[in-house]
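Okay, got some structures for you below.
Two complexes follow with subunit A in common, the first pairing it with subunit B and the second with subunit C.
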Partner chain A sequence: MAQAVFTAGRTSAWSAPRWRPRQASVLAFALLAPSLLFLALFTYWPVAQVLWQSMHGQIRVGGPQAYVGLDNFQKLLADAAFRKALVNNLVYALGTVIPSLVLALGFAMALVKTTRVNALFRALFFLPVLIPLVAAASIFLFLFLPNVGLIDYHLAKLAISGPNWLGDPDIALWSIMALTIWKNAGYYMLFFLAGLQAVPADAYEAAILDGAGPWQRLRYVTLPYLKPTIGFVLVIGLLNVVTQVDHVFVLTKGGPSDSTNLLLFYVYQQAVENYDAGRAAAGTLVMLALLLVVTASSLRTLERSFGEKEP
Partner chain B sequence: MTTTRRTLLAGAALAASFALSPAFAQGQTEIELFFPVPVDGQLARDMATLLKEFNEKNPSIKATPVYTGSYDETLIKTRAAMKAGKPPAAVIMSANFLLDLKIEGEIQPMDALIKADGKTNDQFMGQFFDALHGNAVLDRQVYGVPFHNSTPLLYVNTDHLKEAGLDPDKLPANWEELVTTAKKLTRRDGDRVTRWGMMMPSNYDYGGWILQALTHSNGGQWFNVDYGGEVYYDTPSMLGALTFWSDLVSKHKVHPAGVQAGGAVSSAFLSGQASMMLLSTGSLTHIRTNAKFPYKVAFVPKNVKNEVPIGGASLVIPTGVEGERRKAAWTLINWMTSPEKSGWWSRATGYFAPNKAAYDTAEMKAFIEKNPDAGIAVSQLAFAKPWFATYRTVPVRKAIEDELAAVLSAKKTPKEALVAAQKQADEIMRPYVEQTALKLPTN
Partner chain C sequence: MSQASTGVATGEVSPKLGYAATLLVAALWMVPFLWMLVAAFNPESIGAGMASLVPSYIPTLANFREAWASADFPRYGLNTTIISLGILAVQVVTITLAGYAFARLEFPGRTLCFYLFLLQLMLAPVVLIVPNLTTIARLGLYDTLLGVMAPYFVSAFGTFLMRQAFRAIPRELEDAALIDGAGVFQRIGFIYLPLARPSLVAFSIVSVTAHWNEFLWPLMVINSPDLRPLTVGLASFTRGAEGAQAWGVIAAGTLLVSAPLLLAFALFQRAFVNSFVSSGIK
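On to the complex of A and B.
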């Protein structure tokens, strides 16, 4: 957008070189102003506040905020719960984004042909996306109930004593991940459906004429065409992983023994339960830095795949 | 065409009420009451009924009930409202948060209001059960008015007792009897347990309270009642309590492993998948209405002595509530904790009425006659002690609850867990300790 305006300004600049470029940049800023205003108000200003808060805290119990330097960061790194949340978030990211992505691609490939049955299945797979996360978590809360819950109830019929899905520190995070995959796969399927429909039919025809089997078609035709979609879904997925905690709140509150504590939930706990705004701000900054690295590297990969020549 | 006419009439009535409402609103003090729902049941509906009656009786005040979730969430939301500069006029606050709120300067003493009514603090508090004073009177000032209170209670499915050939009139009274009874009640199908003899909730908020009950029954203390910077996690009495719970799971295998939420425990009991449970008296009404089998309640079984912590909530007025709103809040608080209303609330929910005179009312006498389980809950109050309260109560409590979860999942031994919990709790309370007990004169 900005580039287009700039070019437009330059082409007409030949006739009136003295004021046109300036007018162009005024126009550019005028067009950008609303977005800049909102960015400043809802992103940069809060970030500045968090930066300030991360170096302040209560020195006296019940007292006002005071400058404490890097104390909050030291406390943060010394906290085992924070390190645990960091590791949990990593496991959670890898364990949900990749399976949801593979599942979504599978669904999309199976349902890419528009038939009536496929339309029904598409709707069914998309259904979880429509349910609010808190509502979905509440449903899973009942599914996961030990002994009396739906899952354990049916397992009992097969004479299997089901595990304590949310009450066992070894299983709880995986239970939550199952909910996330269930919730996200249908959403990502939409992108893949769109991506698949954009693959030209003659590419497949050519592949078949060359004697390519189904695996080779997937490897050398479908996947290269879907590269931008995969990149896009990866970015969305990774952002979701860090910003969603509603289900943790509903299902486990980070327990048992911090086994399902994620970064954002940790920040919430520090801010509102432990009443430690300084440490929460420090945690937010660490999260922000991580997000920046993730998105920047993903966007670079994305750009590269967009820039590549079509296969 | 009756529908049209009815619609017209309804419309007219609506218009009339709109026209009238500004007149009513004038001179009316609007206040809001934050209230939690910590146990199963219909508490939110009952609260709406209660406040509707209050508003009808007090036309100069318009009190709005605001549902705020669990006890922990109510604390969070109250603090958020205060930070936003809009403190609610009154809050039903978990009784053990009062000390922390006082330390942070977030609630106000009610001494002036009590004095204005022509009473001394002792006279005012005298209407409530003695066990409730510890969590309401801090440093000789009244910070909370007890509204509904509880203790843990043993619930037993008497059908299951009979099936197992046990006497339904003789409920387990000590830990030894509890273990032998639970063993007889537990049903197995090979290695698989189809019915648990005993269940206790161990989720956040509930687990710490139950463990405190076991610690008291084991002769222990849990925390320093007079000082907000000391807990006794790594002590013999707590080791005994935690080992007992852990043994029920790992050694006797009569209690399921891992964390059990309060709702999961009551569901298991109601569906017949658990024969006995420790749960709040606050759940009495829920169990009474939903149990399709005969059940009985008893004191929490003791090891050394009968002693339990109180639970439940008190009404508080946040700092910053002044003038007419403070007066209106005080009117509401007094009305809600009167013998009649606290009695009504007790019958609706199962909680104790903290006001002793509530039990002298005819309705309450008839109710207890009909529901002896409510009477047993009241008699246990004589053995009740204050609820755990320190500086930063929630994280200090979570420190032990996280370790409790590890023990119940066989990740740690009770001793390891208590050492770790003590270390973490001390760390959390250190700022307070350093500024109070350790702050000695330097010259």
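On to the complex of A and C.
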């Protein structure tokens, strides 16, 4: 658009003579320079480093870095803890994003009318978003405590002997997922509340005239209008699940027997506890690949949201 | 768009059943907060009865006193404040300049730049934690608050938000200033920034909330107890108190750490909600 303005020299106000294209480019890069400097330092350079490091390692303990080819990846794949973390992260992603999304849509539809009571409920669902994930984990530490903890204590009143929520390898990941859903559903609710504002009343009126029941209205009116919102929430959610592991630190440290280990926590363990930079880098690359898949498959959604293409 | 013209106002969005279900889920959602409050003011911090959700005692501040004494919360709070506001201060400069470039200037490589920024959106600094830590160490910023802040000095999300806001501002305003001889920084500072204030406020709230709550990156960068932010302080405090089974003290500490943002939310509810919605941009 603006390109045409510059080259064709149309009488748009912006083609004021003092602005020639070259000047605009120089100015643009001058303005982008601070951002690009930090992006280079903390995004591009680290990616390059991870690529290099993933193929290098110490052949002897304490020895110099040497090229080891795909050794790190082989070690990674041979490591049961890594395979576990990979599977866990996939289960964790689907098992938290989809329920949070469904709940958020439900909250938004029930609370869309702006009344005082609804405002209170919205606030209630939104509060978990504001408290730090480590703080939420500190609370849930007691909720999940075996026998005397909040959940087990109340289950006992119903004569149900509750499981060891964080100690049982079959249950621990699901307990952590419950915390994540509690933390995120209110955030996604906000996007759906905004999305619902865009559904025209006529659409519902027409649907009712056609004899559509509540489920049909949901299926044929609400959901089609919310499609872009659903797509956006899905992307944001999937990108988030890889970067949030604060609760794992407080609640389980990846245990018991790696049942709650997630990729980022695994990378942290390799780098900080095992001093295995090569394996940490290889693990990071796997994470990057997954993030890239999510981003690439949702590029359209992201472009629409962040508006590179003209409307 | 007026409210009356949407399906929202006619109430045709959800069945009545949905409301009952919401009530039930809302009760469930409240439980962790309720427990935090009840346990924090409980005179007994240890032992049976901590699982009650109904206070059966005269409230006391003893747990808060103990939490206050066993961890340096004021210091952690100060560190967190410095980190969040420091990041924001630099971000406002970088995202304003970059946002203007994307919104108003045509230059070769613009699309490429857009994608380069988009890359940062998916690669949160915490994903690149190991190489970023090396960089921070090489810059001599290990174990400094600046080291915690630096990777966040640029924000692709903020840049896009400002770009959208700047685009909505009529060019005629800038042209008028241009004719009056205003330089580019004057035009950005006196025309674009004031008019983009709502977006800037929205970004500030989202940014401060995110960095106030951040844990893993500061945990990696900070070594000295004196430089810990609230989240890292709380994690080590919880670890200590957990061993003593002092759940009342943990609840009090958690409440102390969560209180600033909860309080801000209580005061500026609408701004908070709007800012998070506009973080979805569109």
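As a working rule, the second predicted complex is superposed on the first by the 262 of 311 C-alpha atoms of A that agree within 3 Å, B and C clash if a C-alpha of one lies under 4 Å from a C-alpha of the other, contacts with A are read in each partner's own complex, and residues count from 1 in each chain.
To be clear about the criterion, a contact is a pair of C-beta atoms (placed from the backbone, for glycine too) under 8 Å apart; a residue touches a chain by one contact, two chains touch by 3 or more.
Fair warning: this is a prediction, and the values are worked out from it, not measured in the lab.
**Student:** Check whether A:194 is in contact with subunit B, with subunit C, with both or with neither, and answer first, second, both or neither.
**Tutor:** second
**Student:** Who does A:148 touch here: subunit B (first), subunit C (second), both, or neither?
**Tutor:** both
**Student:** Using the superposition on chain A described above, determine whether A:68 touches subunit B (first), subunit C (second), both, or neither.
**Tutor:** A:68 contacts neither subunit B nor subunit C.
**Student:** So, does A:294 touch the first partner subunit B, the second partner subunit C, both, or neither?
**Tutor:** After superposing on A, A:294 lies in contact with subunit C but is clear of subunit B.
**Student:** For A:302, using the defined touch cut-off, is the partner it touches subunit B, subunit C, both, or neither? Pick first, second, both or neither.
**Tutor:** Second partner only.
**Student:** Between subunit B (first) and subunit C (second), which does A:164 come into contact with in this model arrangement: first, second, both, or neither?
**Tutor:** first
**Student:** In the overlay, answer first, second, both or neither for which of subunit B and subunit C A:55 touches.
**Tutor:** In the superposition, A:55 contacts neither subunit B nor subunit C.
**Student:** With the two structures laid over each other on chain A, which partner does A:86 touch: subunit B (first), subunit C (second), both, or neither?
**Tutor:** Touch partners of A:86: none, neither subunit B nor subunit C.
**Student:** Based on the superposed arrangement, let me know which partner A:272 touches: subunit B (first), subunit C (second), both, or neither?
**Tutor:** both
**Student:** Looking only at contacts as defined up top, I'd like to know whether subunit B or subunit C touches more of subunit A.
**Tutor:** Per-residue touch count on subunit A favours C.
**Student:** Is there a shared patch on subunit A that both subunit B and subunit C touch, and which residues make it up?
**Tutor:** Correct list for subunit A: 148, 272.
**Student:** Going by the contact rule at the top, pick out the subunit A residues touching subunit B in the complex.
**Tutor:** Within the complex, subunit A touches subunit B at residues 58, 60-62, 145-148, 156, 159-161, 163-164, 166-170, 253, 255-258, 272-275.
**Student:** Given the complex with subunit A, which residues does subunit C contribute to the contact?
**Tutor:** It comes out as residues 1, 3-15, 18-19, 21-22, 25-26, 29-33, 35-36, 39, 48, 50-51, 53, 93-95, 97-98, 100-101, 104-108, 110-111, 113-114, 116-135, 150-151, 153-154, 159-160, 163-164, 167, 171-172, 175, 178-179, 184, 209, 212-216, 219-220, 230-231, 234-235, 238-239, 242, 247, 250-251, 253-254, 257-258, 261-262, 265, 269, 272-273, 276-277, 280-282.
**Student:** Looking at the complex, which residues from subunit B come into contact with subunit A?
**Tutor:** 72, 76, 79-80, 103-105, 189-194, 196, 202-204, 256-261, 263-264, 267-268, 271, 273-274, 391-392, 394-395, 398, 401-403, 405-406, 408-409, 411, 428, 431-432, 435-436
**Student:** Help me check something: in the complex, which residues belonging to subunit A touch subunit C?
**Tutor:** Answer in residue numbers: 2-3, 5-6, 12-14, 16, 18, 21, 24-25, 27-29, 31-32, 34-36, 38-39, 41-47, 49-50, 53, 103, 106-107, 109-114, 119, 121-136, 138-143, 148-150, 153-154, 182, 186-187, 190-191, 193-194, 196-201, 203-205, 207-208, 214, 217, 221-222, 229, 232, 236, 239, 242-243, 245-246, 249-250, 264, 267-268, 271-272, 277, 280-281, 284, 287-288, 291-292, 294-295, 302, 304-308.
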